[in-house]
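Sharing a structure here in C-alpha cells format.
Chain IDs A, B and C follow the sequence of writing; residue 1 opens each chain.
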C-alpha cells in the first residue's frame, strides 16, 4: 500500500489534468458540433459538402493516429507557417495536440447529434413563433435552441462519456495525465496491476459524477414534458 | 501607418529571435522512463543522472534549465522542430543520427549487453539467440543492432516504447532476453530487487567490426540542432569544466560506483 | 510528400492491416457470441443476476480500453502465480503471455460489454403486444426468447451494433501499446526510422478510412436485408426524389 500513498498525490494531479483536457476538448467539440450542424442544415451546398467531408473523415480515422499526426506533424506545419510570418516559436505540446485532436474528432460526433436534435424540434413550433411576430433570431434563441438542447442531451451525454475515456490515449504521446503517471508508477514499483486499477477507479468516479450531472440536466431540460409510460 | 506597424512587428520578431539565441534559457529534453539516467519520481518531477548533468551544465553556463519530457519515439524530430534545444537523454552518438542533428562531446559511454536469467546459456550472438525472443526499446542503438544483425534471421525482436516495459516482460517471462545499454541495465534493473536473478550474459557488445561499431555509435552525447553551433561549443566547454572541477564525478558517484565515462 | 517512405514499407502496412482486421473481427465475433446470453441475463427480473452483469458492463464501459489492455497485459503478468504457470508451460495460462491474445481478450471483453447493453436495450423495446401474443399462444420463456424476442431485438440492434464495430476498428489502434504491429504500430515503426510524420500517419489514416467505408457499406447491405420490414414503404405511384 505504501507505494500507492507515495504516488497518489502526483496521480491525482494527473487526474486533474485529465479532467481539464476533457473539459477543454468538450468545449471545442461543442462549438465545432454546433457549427457543423449549422453547415449540414444550411442551404449553401459547399457548406454541406464541407461538413459531410469533415464528419466522414473524422469518424473514419482513429484518435491515436490523428493525435500522432497532429503532435509530430503539426509542429512541422506550425513552424513553416510561423517562419513565413516571422512569428516566434509556437509550441504544439502533448496537451495542445491532445485537446485539438479530441475536440476535432468529437466535433464530428457532436455535429451528428446536434443535426438530429435540430431536426427533432417540431416545425409547427417554429411556424407558431413566426406567426406571433417573432424575428428569426428570436425564434432561434427562444424556441429552436432551448428545445434542441433537450433532444441533444442524451447524445451529448453519451459522447461526453466516450470523450472522457479517449483522454487516456494522450498518455501515448507523453502527456503526464493520470494514465501516464500511473503507468510510470507501475513500471517503477513493478506493480502495474495496482496502479492501473487506481486509474480505473478514478475514471469510474468521473463517469459516476458525470452520470449524476447528466441526470440532473435531463430532469431540468425535460421540465413540463410528460414522460411516456409503457 | 500600416507600414509602420509592419516594421515594428518585424523589428519585434527579429529582437525576439536574437533574445532566443543568447541561451540564457536552455530547454532540455529527456524521456523520463530510463532509470537511473532519467525517470519521473513519485512527485511527478524529472530526475536522474541525465537531469543532474543537464542542471550542472546550466549552472556552469549561468543559464536557466527548462526541462521538457518527450517520448523517445519522437525525440530527434522534436528537437529539429524546436520543441526544445537539447536532448540529454542518454542518446548514443551514431553516424545515422548525425545526419539529422549534431552532438556534443560524450558525457559517458556504454557498451550494449544481453540481459537474461543468470546461468542461462544465451549469448549476444545470432547462433545463440535463434528461436528466442529479445526485447529492445524502439529506436535505440540496441534496436538498430538487433534489427540489423538478428531480426528476420530466426530471432524475434520485440520493440517496446519504453525500456522499463522490456524489463517488465523479461521479469514476467514473456521475453527470453533484453538487449540494452550496459550501464542502464546495471543501474536500472540488475541492481534492483527484481533484477537480482538476472545478469549480463556473454561479453558486453562493443562492436567487433566497423559495421557493428557504426551501429553502436561513439559514446553518449547531448544532441543539438545543426545550426546551433554556439550552443554546442558552450555545452562542450561547460562539460569540460564540470569534468575538471569534480562536479561530474560527484554526480556519477550518486548512481554508479564505477567510472562510466570510459577512456 | 516522399512516397518512397510508404512504398518501401508497404509490406509492413499490409501485414499491419491484416492484424488489425483479424483482431477486430475475432474480438467482435467473440464479444457478440458472449453478449447475447449476457443480454438475456441483463434483462432478467432477478436483480442479483441482472446486477452482476450490470457491474461487468459498468466497469468495462466506464474505463478506457487502453487501461483495460494494459491491465491485462502488464498487470496480470506481475503475479508470481501466473509466471509460475508460464514456467510450467500450462497451455491455457500460456495464452496470457501472448500480446495478441491479451489484446484479443481486452477488445472482446470491452466490445462485449457495450454489445450486451445494446442488445439488452433492444430487448426491452420489443413491442409488448408481441410478447403478450406469444404468451397467449402458450410459449415457454426459452421459446419466447428464441422465436420472438431475440430475432426482433437483434435485428433492431443492427444500426447501433454497426456503430460499435466501427468504434472497435478505431479503438484497436491502441494494440501498438503492447508491442503488436497493427496499422498504427507499422506507422509508428516507419516514423521512428524515417521521421516522416505526414507520410507515416496519413497513410495509416487512409487505410483506416478505407476499412471504415467497407464496413459501413457492408452494414448498409445487412440493414437492407434484415431490416427491410422497418423501412418506410415506398409509394409505387410517385417517383422517389433523388435528394
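By definition in this document, contacts are C-beta pairs under 8 Å (C-beta built on N, C-alpha and C of every residue); 3 or more make two chains touch, one makes a residue touch a chain.
Predicted model, so just to flag it, every value in this text is computed and none were measured.
Engineer: When the contacting C-beta pairs are counted for B-C and for A-B, which pair yields the higher total?
Structural biologist: The comparison resolves to A-B.
Engineer: With centres defined by CA atoms only, which chain is the most remote from chain A?
Structural biologist: The chain farthest from chain A, judged by C-alpha centres, is B.
Engineer: Using mean C-alpha positions as chain centres, tell me how far chain A is from chain C in Å, no decimals.
Structural biologist: Centre-to-centre distance between chain A and chain C: 22 Å.
Engineer: Could you tell me the distance, in whole angstrom, between the mean C-alpha positions of chain B and chain C?
Structural biologist: Chain centroid spacing, chain B to chain C, equals 39 Å.
Engineer: Counting only Cα atoms for the centres, state how far chain A is from chain B in Å.
Structural biologist: Roughly 36 Å separates the two chain centres.
Engineer: Identify all positions of chain C at which a residue touches two or more other chains, and write them in rising order.
Structural biologist: Counting only residues that touch two or more other chains, chain C contributes 74, 77-78, 177, 188, 191, 197.
Engineer: If you look at chain B, which of its residues touch at least two other chains?
Structural biologist: Touching at least two other chains: 74, 77, 161, 165, 168.
Engineer: Would you please write down the residue numbers of chain A that are in contact with two or more other chains?
Structural biologist: 72, 76, 172, 190, 192
Engineer: For the complex, which residues does chain C have touching chain A?
Structural biologist: The contact residues of chain C facing chain A are 58-59, 61-68, 70-71, 74-79, 128, 166, 169-174, 176-177, 183-184, 187-188, 191, 197-198, 201-202, 204-205, 208-209, 212-213.
Engineer: Per the contact definition, I'd like the list of chain B residues that touch chain C in the complex.
Structural biologist: Chain B residues touching chain C: 73-74, 76-77, 80, 100, 138-139, 158-161, 165, 168-169, 172-174.
Engineer: Using the touch definition from the top, list the residues of chain A that touch chain C in their complex.
Structural biologist: 57, 59-66, 68-69, 72-73, 76, 161, 165-169, 171-172, 179, 183, 186, 190-193, 196-197, 199-200, 203-204, 207-208, 230
Engineer: Note which residues of chain B are touching chain A in the complex, please.
Structural biologist: 9-10, 13, 16-17, 20, 32-33, 35, 39-40, 42-44, 69-71, 74, 77-78, 81-83, 161-162, 164-165, 167-168, 171, 194
Engineer: Which part of chain C faces chain B closely enough to touch in the complex?
Structural biologist: It is residues 74, 77-78, 82-83, 86-87, 97, 177, 179, 188-189, 191-193, 195, 197 of chain C that touch chain B.
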